[in-house]
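Accompanying notes for the structure given below.
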Amino acid sequence: MAKTDVVAMILAGGQGARLGVLTKYIAKPAVPFGSRYRIIDFPLSNCANSGIETVGVLSQYQPLALNTYVGNGHPWDLDRNNGGAYILPPYQRSGRSDWYKGTANAIYQNKDFIDDCEPQYVLILSGDHIYKMNYARMLRDHIQSHADATLAVLEVPWEEAPRFGILNTGADDVISEFVEKPKNPESNLASMGVYIFTWDVLRKALIEDENDPSSNNDFGKNIVPMLLKQGKKLVAYRFSGYWKDVGTISSLWEANMDLLDRPEEINLMDRSWRIYSRNPVKPSHYIADGAVVRNSALTDGCQIFGTVEHSVLSNSVTVERGAVVKDSVLMPGVTVRAGAYLNKCIVGFNTIIGEGVRAGATIEGKTPYINGKICSEGIVVIERGLKISDHAVIPANCQVDSDLEVDPAENVVEEVFRVV
Amino acid sequence: MFIDAMGLILADNNKISLGELSKPRALAAVPFGGRYRIIDYMLSDMVNSGIKSVGILTLNKYKSLMDHLGTGASWDLDRKTFGLHILPPYVNSEATGVEDAEELAGILDYVRSNRSAYAIIANSNMILNTTFNDFVEKHEQSGADVSVMYNRDGTKYGIPNYIFDVDRKGYVKDMLFNPQKTTSNRCSLGIIVLRRELLLDLIAEMIARGERSFGVHAITKKYDTLRIRAHEYKGLVLRINNVQTYFNSSMMLLDDKVRADLFWKGMPIYTKVKDEAPALYSDSSTVSNSILSDGCRIMGSVTNSMLFRGVTISKNSKIHNCVIMQDVHVSENCELENVILDKNSVIRPGIKLVGHRDFPVVIGKGAIV
Amino acid sequence: MAKTDVVAMILAGGQGARLGVLTKYIAKPAVPFGSRYRIIDFPLSNCANSGIETVGVLSQYQPLALNTYVGNGHPWDLDRNNGGAYILPPYQRSGRSDWYKGTANAIYQNKDFIDDCEPQYVLILSGDHIYKMNYARMLRDHIQSHADATLAVLEVPWEEAPRFGILNTGADDVISEFVEKPKNPESNLASMGVYIFTWDVLRKALIEDENDPSSNNDFGKNIVPMLLKQGKKLVAYRFSGYWKDVGTISSLWEANMDLLDRPEEINLMDRSWRIYSRNPVKPSHYIADGAVVRNSALTDGCQIFGTVEHSVLSNSVTVERGAVVKDSVLMPGVTVRAGAYLNKCIVGFNTIIGEGVRAGATIEGKTPYINGKICSEGIVVIERGLKISDHAVIPANCQVDSDLEVDPAENVVEEVFRVV
Amino acid sequence: MFIDAMGLILADNNKISLGELSKPRALAAVPFGGRYRIIDYMLSDMVNSGIKSVGILTLNKYKSLMDHLGTGASWDLDRKTFGLHILPPYVNSEATGVEDAEELAGILDYVRSNRSAYAIIANSNMILNTTFNDFVEKHEQSGADVSVMYNRDGTKYGIPNYIFDVDRKGYVKDMLFNPQKTTSNRCSLGIIVLRRELLLDLIAEMIARGERSFGVHAITKKYDTLRIRAHEYKGLVLRINNVQTYFNSSMMLLDDKVRADLFWKGMPIYTKVKDEAPALYSDSSTVSNSILSDGCRIMGSVTNSMLFRGVTISKNSKIHNCVIMQDVHVSENCELENVILDKNSVIRPGIKLVGHRDFPVVIGKGAIV
């Protein structure tokens, strides 16, 4: 590996349990988003566009899809001979082996990897945020302010501040305090989970944190407060622009809808800051005679014979004649059979919605699939690789999970396919 | 299992002109079918056959082609050994030390440096999705010197065409170029296979005879000295012989069956990755029977048309029976019918352009109308 | 990932404890070999030369060096968009997580990866054998014989047969029995640890084996006997040519010496079957006025001012004036200071042999470093990243391990460096 | 931090001939220093400066160069955006639709398509290991239009040379080409930096004036209209002006200090990976004060020499003061002194060749002696 000024580490290890069946077989960062993308395309493309060429992806939970998706790194120009993208799983050392405990522990376990790159700075990123950001500018500010750590922050509406990790700052945006979800926030600067550390400072902190058995080994909860306590200089870097944590079903749905309702905010059309993705190698999409497509995003391989309104369709989605898809997010390879009606549905890879199925926020009824923990605002989530029985009815706030044991009469899953 | 063959694609063809469309670029680099360029089909066919070494023979005007092909990564041909090579016409100027290039010596060097058993040589005006495994296997079994692919299109797609007469055993006994009348409808697809060693001998002989041009039919015309087997291809083939066939072939892709044969047989057609955003349709869009690509923004009406990547159709504009290439901007209140718009052209507000189905209006690359 | 006929899986997970300090920080397949190579270059290059483009590398123990060495796969032309080289670590699934148990379990845990490639055949390889082999030919035979599994075998001298897993065969080399280290061998066909399986046969066998709690989950011990018992058709594929398991210090040393004594056997000069490796990017080597280099293999970045006889030097080795290196294997970056004398030594990455050090098979003496378990035949093994004290004496069969607690008077380790 | 610049390397130079060595290839493609070709040094300097976009400007004879550079992967320049581009002389024949190529328009297109702030332009006859970060930074601070690198070699390495006179502030006030007498020993290294926008203006002006050649010194000669800052480089530079300087420079690499400056400063010189076996020395080899490369098999005696990859020296042969390029085979009982053997040449048994230190014998590529 080549010596480099800065190494980016993307935390992609968590299961993302709040995304329910969407992360049953794949890690959260590999979940499709915005028609053409996976969530991890955003931090990876930001790195590529910022000129950062050594990127470690810390994976642990179901890394196969992520591993094959990132692959040789080519789509993000990260197939470098020196550097590039590295998948970093937990491993065994002489005499011991550990799974990653918290975010800080994941970095701690890979400190040899970072040391090998001999960086001055380390950029810590989350694998589940949608935003475009020039990390090179943030790094420039970090260097100029002689900070030990720089935390990207976003001004959030005051009323939302209690939902975030809030940074209280003094002159020159120097951070005085970090408060996790404050009831009475003193500031509306929310941490975005994007950190630049001077590596030797972080290195020491990680070792100290690791030796503290009471620590959760978490950046927000442990590392940042520890550095503040030690009097290190932590500076806030103000970011303005679109940013969204897509850790829940409702935020994932909202972020998809934002592409349609406020396309200028994330601005995927901006050719000076492209979001790269692994290409599905499908032909251009086709819209048939009699089809209606409005207010929607479509990509390669889609074939639309029915009606698609205010929806985001990933590649190779087929909507048959007479089917209606509204306010929905359909992942790659989904087929909506003739006469089906979907409203506010998120449908996983390759699932077939049977003929005449009625599913979504506007559908009323009682079924064992209703899951208020995962779903809200009426959104229906359907697992990948299913055939939903023809004419099934799936009311608001359902999560269709093939592992849920349901009475045959109430079962809407006709078949479970293997999905590649 | 994959075949042991190298590929050679002739990127240009002196006998074919697509007018404005082939003026700024080689025939092989002309956009076709939404996301693709003409060469993508033949190149993908070769890659899907397991061929890992493809040489592209160029005449001139090949900057577009170089830009499109890049390192070959999109076709997984960015390889340490073999992979994709563009053979410029002057390639051998240094091999011989002679300033006036002899193309054939360059090709000879390239073919000699390979190690495959077979060579497949193809023109680039045929659009088809196939693998050559069966073609090569049958050739191997037959013991023929050369096999050439044809189908039963006869002369109906106009000139240029090469019509084969075959004997009872299926060997070529006559080849006619653009015949007025013919007793055979066997029309060459411009794709041949032969042993690489034989190809070397043929090129060496051509050099010795002072010949300077190289091509598929320069080989098949040797049917009196070589045993040339005619191999019928029964799948879909679109022939690009001129602007009319280009336009018609584009329109044929709107047919479900044609698209199914060309794109959905499980063998992908690769092309350069562009990393465009998804296509965005506004509230005011009306689209029917059309192919559209990533990066399009549709606010108007699009019917019976083919839109390449990054096309903008503004409000109140109507597009009917059109082929619109990459990054074209159609302003508000335009009406276009039977028009081909080349890359980067701009249609200003309120413009109306109507061509005839058989004589589409062609707007050149980068033109502002 | 693309559909492919055959997927190769390289078992690179073991610690390789018999290589002692050489595998303290890196997995065995990443150990340098033969001046320019790492052990894993051989199976990877064999795959590349056989036209196999999807290769899974099953790593578990200290995978970092292996991970960064394999990297984007470019040196082996395995930086493919569809396929290429994949590092496959153990991972967590929804609700469970396991380290690899045996060789068969490692493949079992990655059956999703294999399924995604939809192969007809799977090639199982070891990461610690030195040989050149055309797997395409073996696969052709496997297909033509309609075998369920084909095992590559080598005819070994009868007297050595009791050291190997021996296959008893009948007509057409159909295997009738597999005997691990037989005292009275009926055959001299030794299994090379190179298997081709028809994937659906192996898939079933792996699941069955996994459900057997008494199984060691090992190919040789469990899978092969199980298939034989089930009456499956297993065929031996006779290989002739150089093959060596380099799992011990003495076999590693011997295999290196074979390159000098019998270079025509493995024939690294054969341009039709190159062994690829990741290039160190160093200048050509330099041999100074007054130096003596005989009967040796050298590569880029070496600088020789002293004497090198019958030795294998990896890149960037410096041998200073008056130093003598005989019958030794020096790994990348080793420096032998003026007047030092090495005989039958294997020296790890970047270690500095101090001035006037005397080490090796011809040196007598008693020290706590003597380690008969790891070393034999007088071979001395020295850990990477050490400075050996000037004028230290290291007698035959020593393993210099910086973690060994020794009396300061007997300590030969002056310093421990970090090695990238 | 890395600099925001693109690179342009001129692969050939009408004013420099290395005789037999540059006959079959561009100057930039001439092997130099064991594993390398001349271009590897400048290309690595650029890559080590963080430049991610390099255009190679060629005249003709660039097949060797294309083969050497491949996809650019060896320099990590096989990138999706930018990376390595070979600009053939005819590159713009399609941009203008005119058959007779205008090189400058092609260069203009290429430079325009880039986004870097600065452009570094370099000839390829200088061998040095540096980064351009300091050069660009000083240029930025100075406010000059162009900065040019020089050292104090004066005219001692022969022609071609460009000698600068500078004013008290360090700006070029005169430039002499191959002067007989000079008051200055500031000799151009043929490396300049300027804002990309300025380069675009300069090229556009050249086109407008009907000029057809482009080069570093075509820009520095504009010292009366541009503020051209002279930047002294104090590190090691080897100049390849002719066969004699080529041979001397090769021999200089046997000096420990020269090697230390060129190869061991922490900035690697990249080259095409060849995957040769390690060099093997037999029982009968005697080697001293020599550079040798992978794939060599040494059974004879080698002193004061430079051997490229894959060279075989058979038993009882003696090599002294020689430069022996890739894959040369020297048979038994030969004696060679002050000889340069180009690639693939074969010396038959018992041959004796002795040149003079100042006039080495040069055996051309592939020759059998």
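Going by the order they are written in, the chains are A, B, C and D; count residues from 1 in each one.
In this section, contacts are C-beta pairs under 8 Å (C-beta built on N, C-alpha and C of every residue); 3 or more make two chains touch, one makes a residue touch a chain.
All of these numbers come straight from a predicted model, not from anything done at the bench.
Farthest chain from chain A (centres taken as the mean of C-alpha atoms): D.
Chain pairs A-D and A-B differ in how many C-beta pairs they share in contact, with the greater number at A-B.
Rounded to whole angstrom, the centroid-to-centroid distance between chain A and chain D, based on C-alpha atoms, equals 47 Å. Here the CA centre of chain C is 40 Å from the CA centre of chain D. Residue positions of chain A touching 2 or more other chains, listed in rising order: 74-75, 79-81, 276. Residue positions 73, 78, 80, 273 of chain B are each in touch with at least two other chains. Remark: chain B residues 33-35, 73, 254, 259, 262-264, 268-270, 273, 275, 277-283, 285, 287-295, 297, 307-308 touch chain A in the complex. The part of chain C that touches chain D in the complex is made up of residues 34-36, 74-75, 260, 263, 268-269, 274-277, 279, 281-291, 293-300, 312.
On the chain B side of its complex with chain D, the touching residues are 23-25, 60-64, 70-73, 78, 80, 83, 88, 90-95, 97, 99, 106, 273.
Interface of chain C with chain A (complex): residues 1, 15, 24-25, 59-64, 67-68, 71-74, 79-81, 84, 86-94, 97, 99, 112-113, 115-116, 118, 418, 420. Touching chain D in their complex are the following residues of chain A: 5, 51, 74-75, 77, 79-82, 276.
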